[in-house]
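Okay, handing you the structure first.
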Amino acid sequence: MLHRETVIENRPLAPGSDLYRLVLKGAVAATAQPGQFVHLQVGVATDPLLRRPISIAGSDRAKGEVTLFYRVAGRGTALLTRVRAEESLSVIGPVGKGFTVPAAGELLLVAGGIGLFPLLALAAAVDRSRVKVKVLWGGENRSFLETVGRATLFPLGMDYAVATLDGSMGHRGMVTDLLRAELSAELFRKGETGPQNVAGMAAVAGGGRGGQRVIAAAACGPKGMLQAVTGLLLHAGVPVEVSLEERMACGVGACLGCACTVRTADGALARKRVCRDGPVFDGKEVVWVDQD
Amino acid sequence: MTKIDLTTRLGSLQLKNPVLTASGTYGFGEEYKAFYDPSLLGAITVKGITPLPRRGNPAPRVAETPSGMLNAVGLENPGLEAFLATHLPKLEKLNTPVIVNISGFSLDDYRLLAASMPEDSCIAALEVNISCPNIKGGGLAFGTDPRSAEEVLKITRRHTRLPLIAKLSPNVTDIVVMAKAVENGGADIISLINTLLGMRIDLKTGRPVLGNIMGGLSGPAVLPVAVRMVYQVYQAVKLPIIGMGGISSWQDAVEFMLAGAAAVGVGTANFVNPMAPLEILRGLETYCREQGYGAVREIVGLAHR
Amino acid sequence: MTKIDLTTRLGSLQLKNPVLTASGTYGFGEEYKAFYDPSLLGAITVKGITPLPRRGNPAPRVAETPSGMLNAVGLENPGLEAFLATHLPKLEKLNTPVIVNISGFSLDDYRLLAASMPEDSCIAALEVNISCPNIKGGGLAFGTDPRSAEEVLKITRRHTRLPLIAKLSPNVTDIVVMAKAVENGGADIISLINTLLGMRIDLKTGRPVLGNIMGGLSGPAVLPVAVRMVYQVYQAVKLPIIGMGGISSWQDAVEFMLAGAAAVGVGTANFVNPMAPLEILRGLETYCREQGYGAVREIVGLAHR
Amino acid sequence: MLHRETVIENRPLAPGSDLYRLVLKGAVAATAQPGQFVHLQVGVATDPLLRRPISIAGSDRAKGEVTLFYRVAGRGTALLTRVRAEESLSVIGPVGKGFTVPAAGELLLVAGGIGLFPLLALAAAVDRSRVKVKVLWGGENRSFLETVGRATLFPLGMDYAVATLDGSMGHRGMVTDLLRAELSAELFRKGETGPQNVAGMAAVAGGGRGGQRVIAAAACGPKGMLQAVTGLLLHAGVPVEVSLEERMACGVGACLGCACTVRTADGALARKRVCRDGPVFDGKEVVWVDQD
């Protein structure tokens, strides 16, 4: 589970962008499951000290390669950009419990910002001749969505809809708006009056069909967005798996640093380790506001 | 190649080698099995156990600091009953001596924990964590008041025949006073250091990073403080010392042993390099061979010459 | 661009901005003149002065540690007489408020130092370093015993009208007890932290690296401990705080101010980046502007909301 | 005094060697004096924290370049090897008090190992039409001396003699043997019986001339060697300047971390700062065994 992987590529998605694609060749690809991540050593000295978790966005078993995407968020990811092709990186992985891969029906992937990355692995894992995949994706602005989308989602020929906070691309608003439109049929059946302040959204999102569907959903993004998305989906009767983020130390379940709170089947609160029990959890067990 | 004698005697506790893991950084020994066989180590120390299960502190529980990390896990653990029923049987299968870290919030807690640990299992010793607040004694940590520390050791001593390791907190004016107190209380071994109390503030929110506000600082950053305390305690008390605090390499381990540690604990380094304990063990062996020592215990305390 | 009010009031000490240098890291203000004009800073703090000249400790005096350094300079300084005759006139020409760090080994030392510092010079305040051993009082540092600390402040207070900054040592069980002691003793301001006691052992020689065996740990490694102490002291006493310990960037400075520091001291960072104090000052200004604060003093203690 | 200098070259002296040449372009060259050094930032994070002092081995004012040589001794210098040409380094310098450059007579340069580096700058600074320079250089073995010598001393066409501990090159023994032979005339006058256990060394070292000479000397190397060399030279009546090494923090005189002990003119002991009052000191004032 501890490997030295060779760096095949480590480059910004566009000139000057703070979003990078990192391709690693080694043992991780052989067993990687969608939703799992790797825990990367970013430096050689003791500062920054800890490894950094990055989702596996794609894997090619034949070539033995995994593809990761990362955004330069601070010192650790900044150091990571300095690693050159042909150098090697110390990698723990693949780690964590990933997504359930549906065998049939429809799969809704709901992403906020860089939350798209782990969902890409799930999208690649489903048999698209049997599963209808649709991606709902929110981001800050066009520049972000285009930079990332061109390198990832857009060429996949998958159904998708986007929203931006500033309206510079797709729907002006949040990904929850897209989701509400997408689920309008289900929500209607549940007695919700349908999308508010998103007039015409059903069309935008391409949803709103009348017939009963077998949908599953998977979501990743900022916590607030995940909470809203999960709420909507569960309300609409759609099961959802969410990929959580938490600050990590060990990444393998030993330190209890990455706790989240879940409500177990018997209604009691319990802590789970995001790194080992997750990062993917059943949306209905997650307790969003952490309790003492 | 000459064979180096790696065995270590810590009072009545005889270990095959001096490299241990530090409590709270190695779970219950399961997680690192994917990397190597834990029975290669001298012993493994498990997460602190309290009488009742604890959910611990809300997130975030860890924060990075320069060459270190803060943790505020809040002693999350399954509690005594589940430990005995679920974890101990699994530990038994690891085929390695286990040190159980016991943590209490009252003298009664310590008494109960000591009395409940079987003396005929894989449990090789109890490590008495005195860094927790003494709830009945006004909330001050047992580990910062010599009299409370002595009492904790005394009561624990009365309820078990297992070797007792007193784990000292570095957040004190005079570590030697604390070492003498636990020696008087009947400790067989001293381990140090636990974490330094620290905190960070998140510039984005303007609030403390940790859910618990303050947390324990560990990792390479604290190494010079830990080496100093091992050196001081070695001069002042006769008990064998398990040194820890920032040990990441065999060089660090040698530093601790020269300062007076008869064994070393590897904590935060596990998170960075899961193979660290094994690499340290091999490095110690090579060091002894190259320096002409036949047994690793020969280097203990040499810096005091 | 809105102009940000950078002025800082520390009790009776009014400074044009909150960025100071830490004692012992800035010589007598001469060395960093080659890099920038020291009068751009809020004040500069000079090396600890003792009544008589001191040659200090033998080499090596410094050692590197993970994200930190140890120093055992041993209070080398020209002594009171030479300071007044040679250094003070030069400091006068820097055109900036000077904080003189005074260090004693007896109450008499502190009395003499306080009484001898002119009240009408560039000296803006005295920083009372209580981390030295009290030779007549059994060798324990003044700074680890609340009663001695209070006495040092009292005697100093009686012999000068200059604002008094009490500089606290972090090597104590409870920093709040020490802060209250110096408040009772009559301190106007509290500065913290001084260095943590640490040591390293040289693998090549098998002996402690430092000529003095132990030394003071400073630099980024100690930042979380320092922030925690500032936070605790801010909650417990009313005196304004000068925060220091590992500050290397404006982000670090903001952390200290949110925790409760009304001004910050830059120490070890000078060695790494001589421009650090100025860069921190500019960063603080930009931060306030971007966050919509009109005055830097508005952010002091915000983490306690 | 704080500069960002551009890295022109940063390469091992021979394939696989731990000895590197580093050429920097910037403001330092303009004012560099022989014996001065630069204080280099080797990393970007806080570990390793401190700068590293490296002697200026040569400077080309016209090109604005200084040349440094360093040996990989630990983590700091190891990190330094990773810096690539065209990147820039943060440099404090030139710092320190350098060597006196003699205007005429003979100049003896006595080097132990990498102590050669600062002496190269002095050798380059003297007017060789008026000053006769001779280098005495001791090293561990042939491999070290050849690797360094080929890149530095040997092509200069300067008179030199070498000694190796293992006898693999030049005289088998210490540089002090070479020096004793070189100074045999002076030592003889002072009543020393001449070189012992270095039969024939006078010839090897090319010294042993009878006439009175005006010699000055400069030395750099390990402390024990410097002490012995200084003792011999002073005994022979030859003034010597020595370049000392001490662990440094600030490098500019502010922290008092790099203390050495000297005996002042009035016989009292005093501390000096190696970084600012030195690194070059008059041999006769240095107190070799540090006093409390």
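By written order: A, B, C and D. Residues from 1 in each chain.
Basically, a residue touches a chain if its C-beta (ideal position, glycine included) is under 8 Å from a C-beta of that chain, and two chains touch if they have at least 3 such contacts.
Note that the structure is predicted; figures quoted are calculated from it, not measured.
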{"item": "Interface with more contacting C-beta pairs, comparing C-D to B-D", "value": "C-D"}
{"item": "Centre-of-Cα separation between chain B and chain A, whole angstrom", "value": "37"}
{"item": "Rounded Å distance, chain B centre to chain D centre (Cα mean)", "value": "48"}
{"item": "CA centroid of chain B to CA centroid of chain C, Å", "value": "34"}
{"item": "Sites on chain B at which at least two other chains make contact", "value": "65-68, 219-221"}
{"item": "Multi-partner residues of chain D (each touching 2 or more other chains)", "value": "46-48"}
{"item": "Pairwise touch network: line, ring, star, complete, or other", "value": "complete"}
{"item": "Chain B to chain C touching residues, read off their complex", "value": "65-68, 70, 144, 171-174, 196-201, 203, 206-208, 213-214, 217, 219-225, 227-228, 231, 246, 251, 254-255, 258-259, 302-303, 305"}
{"item": "Complex interface listing, chain C residues touching chain A", "value": "66-67, 220"}
{"item": "In the complex, chain C residues that touch chain D", "value": "24-27, 30-32, 34-35, 47, 55-69, 71, 73, 76, 211, 219-221, 248, 268, 270-275"}
{"item": "Touching residues (chain side chain A, partner chain D) in the complex", "value": "43-48, 75, 79"}
{"item": "Residue ranges of chain D in contact with chain C within the complex", "value": "1-2, 41, 46-51, 90, 92, 246-261, 269-271, 276, 290-292"}
